[in-house]
Amino acid sequence: MDRFAVVKVSGAVFDLQNRGGEMVRRVADQLRGASEEGWRVAAVAGGGSVARLYIRAARELGASEAALDQLGILITRANAELLIAALGGVAYPSVPQTLEELLAASASNRSIIVMGGLQPGQSTNAVAALAAESLGAALLVNATDVDGVYTDDPRKNPSAKRLESVGVEELTQLLSGSEHKAGTYELLDHVSLRILERSRIPTVVTSYEGILAAIRGEKVGTRIMY
Amino acid sequence: MDRFAVVKVSGAVFDLQNRGGEMVRRVADQLRGASEEGWRVAAVAGGGSVARLYIRAARELGASEAALDQLGILITRANAELLIAALGGVAYPSVPQTLEELLAASASNRSIIVMGGLQPGQSTNAVAALAAESLGAALLVNATDVDGVYTDDPRKNPSAKRLESVGVEELTQLLSGSEHKAGTYELLDHVSLRILERSRIPTVVTSYEGILAAIRGEKVGTRIMY
Amino acid sequence: MDRFAVVKVSGAVFDLQNRGGEMVRRVADQLRGASEEGWRVAAVAGGGSVARLYIRAARELGASEAALDQLGILITRANAELLIAALGGVAYPSVPQTLEELLAASASNRSIIVMGGLQPGQSTNAVAALAAESLGAALLVNATDVDGVYTDDPRKNPSAKRLESVGVEELTQLLSGSEHKAGTYELLDHVSLRILERSRIPTVVTSYEGILAAIRGEKVGTRIMY
Amino acid sequence: MDRFAVVKVSGAVFDLQNRGGEMVRRVADQLRGASEEGWRVAAVAGGGSVARLYIRAARELGASEAALDQLGILITRANAELLIAALGGVAYPSVPQTLEELLAASASNRSIIVMGGLQPGQSTNAVAALAAESLGAALLVNATDVDGVYTDDPRKNPSAKRLESVGVEELTQLLSGSEHKAGTYELLDHVSLRILERSRIPTVVTSYEGILAAIRGEKVGTRIMY
Amino acid sequence: MDRFAVVKVSGAVFDLQNRGGEMVRRVADQLRGASEEGWRVAAVAGGGSVARLYIRAARELGASEAALDQLGILITRANAELLIAALGGVAYPSVPQTLEELLAASASNRSIIVMGGLQPGQSTNAVAALAAESLGAALLVNATDVDGVYTDDPRKNPSAKRLESVGVEELTQLLSGSEHKAGTYELLDHVSLRILERSRIPTVVTSYEGILAAIRGEKVGTRIMY
Amino acid sequence: MDRFAVVKVSGAVFDLQNRGGEMVRRVADQLRGASEEGWRVAAVAGGGSVARLYIRAARELGASEAALDQLGILITRANAELLIAALGGVAYPSVPQTLEELLAASASNRSIIVMGGLQPGQSTNAVAALAAESLGAALLVNATDVDGVYTDDPRKNPSAKRLESVGVEELTQLLSGSEHKAGTYELLDHVSLRILERSRIPTVVTSYEGILAAIRGEKVGTRIMY
């Protein structure tokens, strides 16, 4: 059976307005690298600034919260298509829209599968955790614009320190402290942590540049301990 | 636009081994009553003992947690079919498998829609909350085998008292205290509460017999306050 | 049988970066107006600036032209969701992705249906024309940021004159003259015109403010003659 | 082209209430054995006691016969998921719901596919026969809790003898004699026999333990002759 | 709840090569008549000469029997589209491909639904019987090019007599006698009869001209007795 | 990555009434030949005489032009099934109905995929061009009953000469000259040419017998120059 790594790619990579496809290409290079070293990869694209743009407009227009989630999911799928374009022929050519479609794609001859969100009420972090469970993945890499979990938001508190590893309980507390500052420091939400915990999926939080190193098992980012 | 009530029907209603379809028929009568009084209803069926039977066997056989969730969802859909059978011609004749299918069904000429779970990683309580958001429901009734929220598990602690209303924060604490006793007192999980809270959906926790009364706005069960 | 009007809403309405949802709301008001006067409406949302943003990034990343079309279609569907949010309960609650889904939606109890693109190789203008054929629509309104067809691009040539009506042949020539200036004056492409022609669908080109007037049969914009 | 064997697994294997997943694991071992010897396998799971539980309750509640069939099919799919869990990575990860999905799965890189029923009005025996036709299977193994076709029901008549082979005509007569004793001795229904006959699919009726031996061509159970 | 009649329209109506759409129009007129008298109708189109043309060619080319059935089903769906075209706005605008899609269509605002075959291994007669069960139809009309059930094939035996009513057992015998003369006198196959019998669906066999009369309950054709 | 050739098979091949499956078998032999030489092939079947039979009848019965297209597409899919039957195990076993399904099929282990039309408003020539774009095909072969592009219709004008190569502009002119003679000389429509042009897909127009030679790069038919 194939060895799978799941990679959550945070929405900041898809900041097309300011950076075009440049970051997407870099993430694609990391994923292709893993594929060349014999891994199969399921990547989950986040939403980012365009998702926020649509959600803001739809909220103004009176959409329900579930409809806002749905709209965000649509944009994560557009982001997933960008990553597929950057990956070329190694990527599964369409975006799975359910876990069942992900599983069907995993039975194809392509080594990398890219998806976005699935259903309202679930963050793409939770989707990545479920994908890891479904595929029996060897690890989950959570790639963000920070290179790991810090004791505080490093962009706000210069004395914040990166942790080499962090227990799930500790991480839950770190996150719940920041929960009310919406949009600032959302790393792994409550649900994703519960899913990771129930299946004890080896997880590393790292930067975009650290994806391949994390898959190889090198010491980068922050490892979540159960 | 139609006035929708969402009713979460807990899995205990589908205890076919011990009670056959008797409880299903009673719940159907309550829902039909609401329909006759001009409401449209979306009911969400839980899993119950057959779901647990399958999940236990599948866990033994080595299924992933996501696959266990999926199996549970299949059984909730079988349960939903029972409720549809008991409702007859007022029910939408098939079980929506996504929120989009629920919305499509809501544009049909049937007054009651019955569904089960949607995706791994989401309880049927969360599904009910999302359904309520999507349909712009006037209220959510959480129908269980207890007639409301108690200060402790009433089946274990005879001095436990039923609350007329409970704040979301307080409820979260009550639940987190019982979280580690799996299968005992799971009423509304963390995710469902977050969804109810973000959309401030009027919610009543009550017994199966209290469904129609709760929809009518009578004083039954426990009301959740935001 | 219901009386249907199809309205093509050009992508410029969805310029969220500069105008948020403001234009979307105005278009929604026009469509709701038509609905209140007894019309059923199928609206087709165009792509606009976000679509171009994605297409540009994907082209850089090496996507095929068909994949670029597909990405644009995804964004038109996100745009359609915005229009649905702004319309509320009169709108069919999901976005048809094929003509068959459009037809199914037309058999529901909602008076307005909103969709985006369908398949690569087909503009949303062509989709609107096919929708009009499929629904046996009484007319097609092509709503753009100009208030009709001009003898030349009115934004470039101040002496350009608006035509009250224009023959299909003449329009084809006007368009083919401008065809090589991509992105400037693309109103109705070759395919859409051929579809309109084969079914002789009464068509009016007008501004967003003129939609309701055009549906009522008032003299606005430019009428296409067969 | 791949060599396919189709295996009908009777519902008695999924008697979770009394035997948990034990029998499922044994059948999975047999199928995995065939896979290791170079065969591709399509297994069709029957319904069993849980299916009967649901059908009884639904009939009480007034469901139509077609709805009862549909409910039974849902449970066969849950049973199929159990077999997939027990098979792990060699199994196609989801349950085909039409013959077309079966064919698509047969073009994947997994050697074993597991499905349940397809449509009301068709037994899982008929589904197995159609699957065998569609895949051009080399043989069909009908695995039951008896080790072959007997001259009478061996659980009732101790002098009943197992046949080494049986002609289709003779089998039809044996079956029609027992047709009115519902639920007792239903082996291969009229439709399945007609499908086997029209395509002359080599078929062996055997016990769960005999599956691998039957696939290998060893002398077990009862062979159907055309 | 709506009163449904199911009408099986035999393939001979779709003999386009010799009669164009003439017969289709006549059948549509009968169905529209029933709709105008307050009935909802589900019509099931058979295959006819074009289906036989394709099946013959595919058999020559080596298709499996299941694939031949599938090809025949495709043509029945094309035939269903013809009937939809002839019915115009009273018809549900697309062809249900499963019983679940039929049920969804029955919850729409259209009074007539037209479908073809569903799955290999099932005749369109069986589909009509299942549709009748699913919809709780008040009756099933089997419209053929003969005006009822005869004691023998009336096209071959001039002394054959039409029966006013016929018992299911008797009909089974009449049919089994003619079973080996493929393509000559296939009226209601074994499976359809078993389905009609299990749900005791009132059934009339009549000519195309007798459809409306049969729905009205007038004395035409042959009635099947249980 | 795989090397793909797309082959448009014109509808004349499926003239079952006059030639049975004979031409289909010959085309299948050519495609199988390419597969044996290491190519993957996506074939697109046209409509032919049966499609015209249905379209004529449906037009008489009042179908919309979009519905006529849809009916034609159904028949192209039946034609595609014939080609699949003739190809046997090297063919993907079902007919993709969208470009996304085509892409999914391209990730399977089968070397040849056969499809028909996709959506109203698009010829199967356009579908073939979009398939070539989507798959990144090395070439597109347009196989017709003439062996290339002639200066005039060779069946009418004996002095018409076959061109070895033709520029897209020139071809557009040749075609527009013949556009008003419906059904006579329709080779590549306006849309297909625009798609070929935008992606500069190497294209050869040739006879059925020339397919394999064209794929091999031998000098047959007429090459389109950009």
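Letters A, B, C, D, E and F mark the chains in the order given here, with residues in each chain numbered from 1 onward.
Everything below uses one rule, namely that a residue touches a chain if its C-beta (ideal position, glycine included) is under 8 Å from a C-beta of that chain, and two chains touch if they have at least 3 such contacts.
Please read these numbers as outputs of a predicted model, since none were measured by experiment.
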> Among the remaining chains, which ones contact both chain A and chain B?
Replying inline: C, D
> Most remote chain relative to chain A, going by C-alpha centroids?
Replying inline: E
> Counting a repeat as over half of the contact pairs in common, which of C-E, D-F or C-F repeats A-B?
Replying inline: C-F
> By mean C-alpha coordinates, which chain is most distant from chain C?
Replying inline: D
> Using CA atom averages as chain centres, what separation in Å is found between chain A and chain C?
Replying inline: 35
>> Using mean CA coordinates as chain centres, what's the gap between chain B and chain E in Å?
In response: 42
> Can you list the chain A residues in contact with two or more other chains?
Replying inline: 67, 70, 88, 100, 108-109, 134, 136
>> Once you draw an edge for every pair of touching chains, what topology comes out, line, ring, star, complete or other?
In response: other
>> For this structure, enumerate the chain pairs that meet the touch criterion.
In response: A-B, A-C, A-D, A-F, B-C, B-D, B-E, C-E, C-F, D-E, D-F, E-F
>> Show me the residue ranges of chain C that touch chain A in the complex, using the header's touch definition.
In response: 16-17, 20-21, 24-25, 28, 50, 53-54, 56-58, 60-63, 67, 70-71, 74-75, 77-78, 81-82, 84-86, 88
> Okay, in this complex, where on chain A does chain B touch?
Replying inline: 64-67, 70, 98-100, 118-122, 126, 129-130, 133-134, 136, 190-191, 194-195, 198-199
>> With touch defined as at the start, can you tell me which chain D residues reach chain F in the complex?
In response: 1-2, 100, 103-104, 106-109, 134, 136
> Quick one: in the complex, what on chain B touches chain E?
Replying inline: 88-90, 92-94, 105, 108-110
